[in-house]
């Protein structure tokens, strides 16, 4: 029985056009892949192959140049994310589609617990419950309690990455995009993240991930898609 | 998601205006000034939707028309043409068809505005608490103690020292004046708030605090906001969607992260690349 | 004097003023602009009140003129003489109950008025909003929209500074639920007499060229907060006793306070007619 994919990317290409330099820069080319609920698809390939670009195109941080991003909605219909309205995308980001990037953008004074709980607040969950769940996650990821009421601006790279991860994993998105989630983490924390990701998979979240280490691909990926560097155009 | 504001074809012209004004000005012509009649086309054909609880950024440099748009919507000026519908609970209010009393009622009860220049938003002859009281009195609150309590609450919320609530705003720093403005704008818990360059000119640390405050309040009250600024940092922090304007026209619009990371128009690319 | 019209004003002037009066009665508290004539006395001496009286007075009227409650003050005497001179045959009186038309500066008489009497008050500044808004155009809009928030803020600031509303005379008063008037420099003590009055009360500002009215049985509420109510002047002494008039002993009238020839502070009724009548009653 062939399951319907949560997301099917068809012939996705992204090209940047820089007006001032009058340059065309291809970023990803003719990408095809599928993501299934409860399974993880890993994107592999050399630098410059456009892996991050694919994730950003799905999330609408980049506007796809061509191709379709067919997403299965909760109602069972198929929606092309490339054509969805801005409001719809914002709503999906709030409720269904998560993205763990490498950068942590936060308000200067927001406390770590609230940073992590934010996706829950946006879904209408109250502060007490949100903070409780955030505390649980932060504990799993080894962020000590003394840091919870402190804004993460002064944290180390690894600490920031873990806060970022906690925020990305706290809600239960249907589709989760992960861009090198364990890049700055030590082995034991990486193991915990792997466990978390496996739990999310078991709960039905479909994931598309870029891992910096082949080992992680082996441990977590159910499907693997390899990208090639797009041919340069002049 | 509920729509709260629908703007269509908003235009503003200063001067006599002529049939060629719109076709001879704009980003392609690098000017707002009509070469035929000398009128200034401050704004042309602005259309957008705003949803409840959403923050929309309008970004542009001087002369882009961004402040003009907000001034029209807040009734500081009447536009040259265009329409705007405000969805107020179950009613639809066609803003530019209302009479002055209706406009004033919306301004006082349903809208809030924070200006770049506190002189425009505050009455400097009355105390900080008095400024807030004025807004509450406009909404028929007639109990002195209640007014005082509410003013104190709002000032505390915007981190103005409540011991200073009876002082005149002219004795406050710029950042504190802005905070009093914000407190005043929020006094009637408006569903729609306009913020016009509210942190421009303030020290960076003060800016950060005020932006923080705005977001916290937005999360608490679910206020829809239109944030006008030329500062990309402010847009990134506050706005979910952004319009980029130049010479009175919208040249690009989209999700804020997309505008900042994948700008399409030459001008937007220039703006983003120029950010320090 | 035969070549001037009865009551000095020509009939056209009288008609215009009467029409303005009718309009003022129909829109209680609204300041009706009218074409205020030059009178043979300076502005600021009651020309507005005078024009109202002259437009209304008839041969069978009995006139009383008071100033700060007294029939004897210079201004009251001058006005009364002028009206007597230009309205040959009318009666004048100091006794309130005999009067049909009463012109007054700065006080409303102590005794309640009757439905057949008209009270005319002399007004220097007709607009209560003038202290918060210098532009007349803007004030008109504020009045039209009953937007008195800036005036209310003034009261708020007073309470913040002084723990109470410190306005002593010209206390802003809302008429018939909409327009707020400046009731002329009557003391707070007299403001409650505007409410649900039996008599028509007219206000004339000659220099500012406005006429307004508080019609009979009209609600007149002095501006206040729910929890900081309007208070009239307090005439209690340091022992908590309400002071009495030194001449008639009244403990209910508005008292003038002055220093006598021995340097002692004394109190007596401001309304001289009322005081005299009280004294007569005491002698009986």
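Per-chain residue numbering starts at 1, and chain names A, B and C are given in the order in which the chains are listed.
The rule is short, and it goes like this: a residue touches a chain if its C-beta (ideal position, glycine included) is under 8 Å from a C-beta of that chain, and two chains touch if they have at least 3 such contacts.
Since the structure is predicted, the reported quantities are computational estimates derived from the model, not experimental observations.
Visitor: What clusters of chains are still held together by touching when chain A is ignored?
Guide: Without chain A, and with every other chain where it sits, the touching chains still make one piece.
Visitor: Farthest chain from chain A, going by mean C-alpha coordinates, please.
Guide: C
Visitor: Quick check for you: compute each chain's CA centroid and the global CA centroid, then name the chain with the smallest gap between them.
Guide: B
Visitor: Please compute the C-alpha centroid of chain A, do the same for chain C, then give the distance between them in whole Å.
Guide: 78
Visitor: How many Å are there between the centre of chain B and the centre of chain C, using C-alpha atoms for each centre?
Guide: The answer is 48 Å.
Visitor: Distance between chain A and chain B based on Cα centroids, please, to the nearest Å.
Guide: Inter-chain centre distance comes to 33 Å.
Visitor: Within the complex, which stretch of chain A touches chain B?
Guide: Interface residues on the chain A side: 16-20, 56, 60-63, 86-87, 89-91, 105, 107-110, 121.
Visitor: Which stretch or stretches of chain C touch chain B in the complex?
Guide: 141, 144-145, 147, 149-150, 152-153, 156-157, 159-161, 225-228
Visitor: Name, in rising order, each residue of chain B that touches chain A in their complex.
Guide: Listed in rising order, the residues are 1, 49, 51, 54, 208-209, 211-212, 215, 219, 236-237, 240-241, 253-255, 257-258, 261-262, 264-266, 269-270, 273.
Visitor: Can you check the complex and tell me which residues of chain B touch chain C?
Guide: 100-101, 104, 123, 126-127, 129-130, 133-135, 137-138, 142-145, 147, 166
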